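Same chain, two partners: chain A is paired with chain B first, then with chain C.
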Partner chain A sequence: MSLETQHRAKTKVALATEAIVEEEGRYVYCVADAREDMSLGKIGIEGHKVHTIPHKDICAVVHSCSAQPYQSDDQEVVKAWVRMHQKVVDAAWERWDTVLPLSFDTIIRGEAEKSAEQNVKDWLKQEYEEFKRRIKKVKGRAEYGVQIFWEPKVIAQSLTSTSPQIRRLDEEIKTKPKGLAYMYRQRLENLMKHEMETKADEYFKDFYGRIRKYTDDVRVEKTKRAEPSLQMIMNLSCLVYRDRYTELGEELGKINRMRGFAVRFTGPWPPYSFVGGA
Partner chain B sequence: MEPTRNSHATLVDLLDRVLDKGIVIQADIIISLAGVPLIGVNLRAALAGMETMLEYGLMKEWDARARAWENEQRQKKVEPICAAQIAR
Partner chain C sequence: MVVDIDEKSLKHGVLGLVIALVEIIRDALNLQAIKRMEGGSLTEEEIERLGQALMELDAAIEEIKQEQGIVESVRSVRDGLDEVVDDVLDRMINPEKWRQEAEK
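Let's look at the complex of A and B:
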């Protein structure tokens, strides 16, 4: 027996025992608008073979795995998993045009009486109408991320020159003695804060209206902390018809060219933000 | 203005979507995912660090390391077990 044959024989035994565990779960990547029963090859997380589980004219895109969630303390490992998850969703999206993505680490398990594969089938059957409704909602569209930032320093400077109230206070401070100047500065700060918020509201409404025109649906997300010199004032997920993203891009370009503003435009993403809940 | 999906530049955008969104299955056939939000939180902490690095322009180094790591994973990957094949 050559070393290679020995090695293969050992692997086979290992495969046979592990197969039982492996059969227990189905990691679900997405539900696709396709009547397909096929393998997509070893494109899954950690090289798992990805296949479809059909029900009528839709299918779930899954890989077989043990009934254990993917968990790791190593951030790089998790990031790689998330990237692989996305690659599979992308592959299905490209192939079948419309997909409903699931979030990372959704695993359907088998039960004593029912295999995991059967549980996935039953789940598709039970949710069929709802999935068809959501497929219709996102068909022909893609998700884009739009984040708008401003530079607080630049905005504050322009407020100082345009707001008569602020300018007056700013000038008065210079003439006041130390103690009083301190009080005035407090007042100025409060006024500035208030004016900045008002400005932010104005811009938000203006941008929202301009962006909304080119989108089919919008989700306003929480803004996030950015660099100290930039402040995120808007964080949107936009559902956009595929042939309209250039128009949206043009509008965003105009905002991006405004002094003191910056826009981040990402995508196209599968419609993650538009397939959950209502 | 053209949208970007450069995989390193948009990692945070990807994580926001893949970890927090998508179809949610509310049934007991789902493996308990109590640990998942924790993964999310930990990751975000690491990413906050990443953003700071970006500011100081050290992203190139991180990028190189990430790619090297990915490459390494690909090299040592064992052929996965395919249960369906064995059952057939």
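Let's look at the complex of A and C:
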């Protein structure tokens, strides 16, 4: 998640780039569900002092900076920044339970007649209802990542033993001369691919239904290419009530124990995937 | 982006690209061959000859890839193309994407 966030962040902060170098800004990590006006110490990006800016019963978690976005051609440097960003969000999340994380490099700048601090306050005030609505949506929940993999080899083997069509073709190949055997093998491979896709679909629906029961919201993410021996067939971000976490874990355990399947269950995370949009 | 041209990696890149394209054409040929075979328009003997020819093509491609050490670069070209196609398809058939594009 971190890498995607940072790429998006680069384009998102055009707002801040327009500012003059020395201008003052506030780097915003997240909006927390807390009535707090305090300092969190020097835990920010590059050791900046992090503090809160309150409005009613919510606050923004920020550090003071120039109104320049954090930019570097060095991927490692950017990664370190993003990690620090996540650390601060984590800290706020542990402390106040409910936070709305912002993407990396969100900076609110001051204007000639208005300080950055005041701008943040106004922003909280203006968007207050929306923030409250989103806080309500994620309160008491945490985000978990669920990735399900299968081993194509193992699945293919079990298909060969269960599908009469595939088994017949497999037998036939052994009796054919070279050229014919080659053609039949191609056909078998195509058939197999088709069957695997159908299977993947079936499993997806089955697993999705089972996972959905224990989650408040699910986002289907793009599957990523893993190694050839282990293929990702599902990649979900799940918003889960904290007290249902064990049940979800148990269900995933069942899937993980199926032959040829593996589950990666990560979290809890602050609800990064569930704070935007509807 | 800086384009860093070193003769060896250029050769790898171009060769990888060429072989990736040959592989794609091979796949298309295979698909056609299978369709005809399944359609019943080929005699047993013709299928045998077709199979032999495709098999030799396979072996030749594999040999070139091994000899030139471009197995990886061919794979990366094909993976890259797969992703492009996935993206295009996703944009065409996924209504969620239409909404996102419209909001931009």
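The rule we apply is simple: the second predicted complex is superposed on the first by the 255 of 278 C-alpha atoms of A that agree within 3 Å, B and C clash if a C-alpha of one lies under 4 Å from a C-alpha of the other, contacts with A are read in each partner's own complex, and residues count from 1 in each chain.
By definition in this document, a contact is a pair of C-beta atoms (placed from the backbone, for glycine too) under 8 Å apart; a residue touches a chain by one contact, two chains touch by 3 or more.
A quick note: this is a predicted structure, and the numbers were derived from the prediction, not measured.
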Completion exercise
chain A contact check, chain B vs chain C, more residues touched by chain B
Practice task
Could you look at A:183 and tell me whether it touches chain B, chain C, both or neither (first, second, both, neither)?
Solution key: second
Exercise for the section: Check the residue A:154 against both partner chains and state whether it touches chain B (first), chain C (second), both, or neither. Expected result: neither
Problem - First, second, both or neither for A:82, with chain B first and chain C second - result: first
Practice task
Identify the partner contact of A:263: answer first if only chain B is touched, second if only chain C is, both if each is, neither if none is.
Solution key: first
Exercise for the section: For A:200, select first, second, both or neither according to whether it touches chain B, chain C, the two together, or no partner. Expected result: neither
Exercise for the section: Take the contacts of chain A with chain B and those with chain C, and give the residues found in both. Expected result: 225
Completion exercise
Per the touch rule above, chain B residues touching chain A in the complex are 1-5, 7, 10-11, 13-25, 27, 29-33, 35-36, 39, 42-43, 46, 48, 51, 55, 66, 69-70, 73, 77-87
Problem - Residues of chain A touching chain B in the complex - result: 15-16, 18-19, 22-23, 25, 28, 30-31, 42, 44, 46-49, 51, 64, 67-69, 71-73, 75-76, 78-80, 82-83, 85-86, 100-109, 111, 119, 123, 134, 143-145, 221, 225-227, 237, 245, 249-250, 252-253, 256, 263, 265-269, 272-273, 275-277
Fill in the blank from the handout: In their shared complex, chain C is touched by residues of chain A numbered 177-183, 186-187, 190, 225
Fill in the blank from the handout: Within the complex, chain A is touched by chain C residues 30-31, 33-34, 37-38, 44, 47-55, 79
